[in-house]
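Two complexes, one shared chain (chain A), two partners (chain B, chain C).
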Partner chain A sequence: MKLMSAINLEFVVAKEDFSKAGEASSSIKKTLKKLGIDSKIIRKVAIVTYEAEMNIVIHSIGGKIMVDIDTEKIKIQAIDQGPGIEDTEKAMEVGFSTATQKVRELGFGAGMGLPNIKKNSDNFEISSEINKYTKIESLIYVNP
Partner chain B sequence: MKLSEVKELLGAEILAGEDNLKTEITSAFACDLMSDVLAFVEDKSLLLTGLINMQTIRTAEMMDIEAIVFVRGKKPNDEILKLARENNMVILTTKHILYTSCGILHSKGLRGANIMHK
Partner chain C sequence: MKVKDLLKEENFRIIAGEEGIEKELQGVYIGDLLSWVMAHLQENEAWITIQSHVNVIAVGVLNDAACILLAEGASLDEDAKKKANEENLAVIETNLTAYELAVKVNKLMKENE
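What follows is the complex of A and B.
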């Protein structure tokens, strides 16, 4: 890690592509492992990226996940192209979900994704505009 | 408990990871809701579930879960097994229902996973 310069990763995530959902998070996890980052930190990043990736697949019309890694911190940004969240405060409530029955049959849609992302982040922000975007930003320190 | 013992106790069939049956597991978690696996599981546990899809394997991968028992006689398709093999996971399938599978393993000393309470 000592001489590592910042690494930036970017992945396009397609809507409703459930067979590929998780590939970005898998790739991010493998990169972090190669960098020798602590397994507890890797797990936190994996949860954040995977929940965010599933959110894009399930709820959005498509988006991307960007991860910036340096010696101190890992910044995860998930941005989609809409439809946006009307009430982000409501979306943060445990148990609140707009997911369809199909998504629930896949083992998701229990209204736990966003709270779980927040729980695993050292800093968390969400913003959204209807018909434009939803963006989440999660910061995880490498040496907390 | 070794995975070979889990296989034996549950009369399970092995579908992937034949070479890793010596792996020792110390706890287990059972549910069909992957959101709960992502929200609660803290240690490297055995996962027992009746949910068969790619997301089961992906969720396990994210949580460093090395072995999955599919219950109620469910068998994942080749695509799912391929992904499990890529991640060096052991995949077992048992005819027992989830409740019975957990009861058998718990009675033989395999404890429930530590979970993160909010």
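What follows is the complex of A and C.
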């Protein structure tokens, strides 16, 4: 990969907007492709951003996704404005989901989102405060 | 084989993303839970599903699927068709079950080797 200065992307994600859901992730993926990042790394970033984006759409009252790309790493931050997660440890369990039946019928709510994000991150952190925010931070190294 | 080789079958009707039919097809993945599909669908695989809303196109595009094969008469809503056309992701409708579809694609892949 050619040397480049850091690139910062930011996307606003609206709650329950399923018609636009996935657009931030698609846009991030296109940028990474243009930068010539390895396809295996792009796949990891795509999974992380997609799951984070869908979490904001399904569970939050709205939020944003920020991606910082430099020559060594890709940092993905997803922050929403609440309602927050009561038990983040429980939320990390495979199969645990608070998604509604309606959302599940569309194929969401498998309880795989956060585990998928963690699995594809080289470093992963989640923090949340009730009625305030949930924040996830995922770090993926460009040359693992 | 290529996605367009599927269209020789009479039960396979392309309903969106016609520009995407030149893509290579190298396998099949079946699933309706989007997070599972997101984690396991590989590049150039045909994805068999009964989900038919616009987010399915996003999952297909993000995973570089060869195409989407809709099983058992599932069809796409208009938003999803529009998105598939924008992204050049071929979506093919059939009345076959997911199993029958997978068997059929496997046979076609062998014939087109």
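Note that in this section the second predicted complex is superposed on the first by the 143 of 144 C-alpha atoms of A that agree within 3 Å, B and C clash if a C-alpha of one lies under 4 Å from a C-alpha of the other, contacts with A are read in each partner's own complex, and residues count from 1 in each chain.
Just so it is clear, a contact is a pair of C-beta atoms (placed from the backbone, for glycine too) under 8 Å apart; a residue touches a chain by one contact, two chains touch by 3 or more.
Just so it is clear, the model here is predicted, and its values are computed rather than measured.
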item	value
Simultaneous placement of chain C and chain B on chain A, clash or fit	clash
Contacts of A:Gly82 with chain B and chain C, given as first, second, both or neither	neither
Touching partner for A:Ser39 - first (chain B), second (chain C), both, neither	both
A:Gly62 touches, of chain B and chain C: first, second, both or neither?	neither
Residues on chain A lying within both footprints (that of chain B and that of chain C)	18-19, 21-22, 25-26, 29, 39, 43, 46-47, 50-51, 54, 106-108, 110, 112-113, 116, 119
Partner chain A, residues of chain B touching it in the complex	32-36, 38-39, 51, 53-56, 58-59, 61-64, 79, 116, 118
Touching residues on chain A, where the partner in the complex is chain B	18-19, 21-22, 25-26, 29, 39, 43, 46-47, 50-51, 54, 106-110, 112-113, 115-116, 119
Footprint of chain A on chain C - complex, ascending	32-39, 43, 49, 51, 53-59, 61-63, 79, 87
Touching residues on chain A, where the partner in the complex is chain C	18-19, 21-23, 25-26, 29, 39, 43, 46-47, 50-51, 54, 106-108, 110-113, 116, 119
